[in-house]
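Which chain is which? They are A, B and C, in the order written, and residues in each are numbered from 1.
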Amino acid sequence: MSALRAREIPISLFAFAVILLILGYFTTIRPLITAADYLKSFGVLLALIAVFLGVTDVLRVHLKHIAKRTPRQWYLSAWLIVSMLMMFAFGYVHKPTYDVLYARLYIPLSIGVGASIGYYLYSAFYRAFRIRNAEAAILFACAIIVVLRNAPVGEVIWTGFSVMGQWITDVPGAGASRAILIGAALGMVALAIRAMLGKEQGYLGGE
Amino acid sequence: MVQARHIIYLALTVLIAIPLISPLGLPVTVTRYTVDMYDAIEALPRGSAVGASISWGSANWPETGPQMTAILQHLFRKPVRIVLASWTVEGPMLFERILSNIDKGEKKYGDDYVLLPYIPGIETAFAAYAADIVAASGGVDYYGKRLSELSAVKGVKTIDDLAYQIFTTNTSIDGEMRQWSRFKVKLGVALLGGSVPGAMPYVVSGRIVGMINGIRGAAEYELLLKKPGLGLKSTDAVSLTHVLALALIVAGNVVYFGRRRKWIQ
Amino acid sequence: MDPVTAISALAGASLTLMVLSLMYKESMFYKVAEHSFIGITLGVTLYIGVETLRTKGVAPIAAGDYIYILPFVIGVLLFSRLSKKYYWVARWPTALIAGIGSGLAMTGAIFAMFIDQIVATAKPLISADPMASFNNIVLLTAMLGTLSYFFFTFRHKGALGVSAKIGRYSMMIFFGASLGASVLSNTTFVIGVVDALIQYPAWYMIPVAFAVLVASELRERSKAKK
């Protein structure tokens, strides 16, 4: 049993998956390409099963709250589980009700949660965005030009904002972004090689 | 207790509500990348298959909803077959919502367009879709019908069998580009405004033909289609709130430096 | 408007306003809305997940493609992380998922994020169009400067120092553009919510929400005084 617990097994599985996909990509050996294609479709199913694991994890946390009667929380957790079961049940029992609940409750709630971020950004403009040095000045100057490029009123004030804003994103911004992409690509390859050699084990979790 | 941030929130809400109720009518010019997507759809050969995909959830509906609505409205005006794919759980339901809001003309489900089921895995899903669209969907559409019985996907196996693949996303487009750029298919993208600068390397290189920039891009597309929607409705609110954003940055810095240099108590 | 649509619209507006009450302060209204949101999300995810599993997993196996039993078996092992004794078994499917993701990302990144980007940058620095030449020079300078900024093997002195400084400024331009662009995205969230709330019959809930907020604030203040 202790041999099965060895980290070498998952590391080998990781390396096997990476190497098979690389071989399937760069070679024209039919069995390897077929095996790589199967691995990709397995990945889709595994990702789907991982979704259920996520749901289970959330349920576990909230069921614990209910069992322990955590003050000021347990009834909220109970309501969470009731609304989950209600939504799931309606999907099978009466689909039109499920559709109405999705369109009239879920979408407004989602948009409301997203709007909180928008509101916080505007208070951050006043409280947090400070132009303390030359680099910050460049950052905010470009931000202001792009803001006025995106807002139709910017073109009413001066048509140059549209041209300048587009140039900033198309030329120097694209240059810097391109370099970041190249660095990220090299980093991805380096990280995969380190993971295959067992030097990166973060994805396996702690002991 | 009422604080400065509450006043900011109230000002933001009022500056959005006023132009939504009573539009100011500020002109909107159409930018180059929006025209590129419009022209790419206009140039689609008769009978070709086009892919459109959703990689966002209902939280992004105010921005990406109008984008996809405008794109699909345009596609439904053209003599093409449309394959609708979803990379998020809500994707098919969001497509249904969009389809219920557009004029589908004479297009029939199954013959002219098909809604694929949710394909999980994000980048794994992109790779599976590119390699074999039918297999990635499990061989069935969202409603459980066998794809082999639907003429909308006849002759469509890999992503290269599509004349144009348009994808909308709420994050960076690196995943899609990693999996799709090696194919020959023409790619078009509709993005959240905040993701546009990160996508520019792909757009400027020409690998992406046509890009819609946030709600502003949706408004531009609605202008080209001559079908106003939430995009155009929002542009005045965008103008006023963006001016508010600049005013807050200036005011915040004036107050901060004024207090430091003791001009302001 | 039929009663079901009206009631559901009012319910949706109420929940939206309960979420937005966080802008004033965190309260029980916000917590109820937050938990409703998570519960409904889980319900939708579970429903779509089960349906997708049926079409993608069960149906191919029922049709005779028995090789798809393998990902099922491997995927079920993921749930072993819930066990205190056998949590380590979950590392196997996790490693496989990570390997598939890594392999796909790596193979794609080499072309899309590396080779294609370098090829796209290789444009003539001196051409007939002066604006195109200027743009190509600026783009190449920004790119090389940013790349040199991340070269930490040597100290940023001399030529490397100048190049890294150019890279820093180029990145500030990029981050500034991203910040400016993000204002559009975040504003659109708020536009969406305000647009939903000013529709009929949702806007009836706005004065109700204000009244409830004021009443709750007065109640808290009187409690605090006692």
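Basically, a contact is a pair of C-beta atoms (placed from the backbone, for glycine too) under 8 Å apart; a residue touches a chain by one contact, two chains touch by 3 or more.
Just so it is clear, the structure is predicted and the values come from calculations on it, not from any experiment.
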Maximum centroid distance from subunit A, chain identifier (CA atoms): B
Comparison of A-C and A-B by number of C-beta pairs in contact, larger one: A-C
Rounded Å distance between subunit A and subunit B, as computed from the means of their C-alpha atoms: 17
Inter-centroid spacing, subunit C versus subunit A (mean Cα positions, whole Å): 5
Shared interface positions of subunit A, touching two or more other chains: 40-41, 43-44, 46-48, 51, 102, 106-107, 110-111, 113-114, 118-119, 140, 144, 147, 150, 169-170, 173-174, 177-178, 181, 184
Per-residue multi-chain contacts in subunit C, two or more chains: 23, 44-45, 49, 51-52, 56, 100-101, 104-105, 107, 109, 113, 117, 120, 139, 174, 177, 181-184, 186-190, 192-193
Junction residues of subunit B - those touching two or more other chains: 9, 12, 59, 61-62, 89, 93, 120, 124, 127, 174, 193, 196-198, 201, 204, 213-214, 216, 238, 241-242, 245
Residues of subunit C defined as touching subunit A within the complex: 4-5, 8-9, 11-13, 15-17, 19-20, 22-23, 31-47, 49, 51-53, 56-57, 67-68, 70-72, 74-76, 78-79, 81-82, 88-89, 91-107, 109-110, 113-114, 117-118, 120-121, 135, 138-147, 150, 167-177, 179-184, 186-190, 192-193, 196
Subunit B-facing residues of subunit C, complex: 23-24, 44-45, 48-49, 51-52, 55-56, 59-60, 100-101, 104-105, 107-109, 111-113, 116-117, 119-120, 139, 174, 177-178, 181-195, 198
Contact footprint of subunit A on subunit B as seen in their complex: 4-5, 8-9, 12, 26-29, 31-32, 57-62, 89, 93, 97, 119-122, 124-125, 127-128, 131-132, 135-136, 174, 193, 196-198, 200-201, 204, 213-214, 216, 235-236, 238-246, 248-249, 251-253, 256
In the complex, subunit A residues that touch subunit C: 4-5, 7, 9-11, 13-22, 25-26, 38-56, 58-60, 76-77, 79-88, 91-92, 98, 100-102, 104-119, 121, 135-136, 138-147, 149-150, 165, 167-186, 188-189, 191-192, 195, 203-205
Touching residues on subunit B, where the partner in the complex is subunit C: 6, 9, 12-13, 16-17, 20-21, 59, 61-63, 89-90, 92-93, 117-118, 120, 123-124, 127, 137-140, 144, 174-175, 177-179, 181-182, 192-198, 201-202, 204-207, 213-216, 230, 233-234, 237-238, 241-242, 245
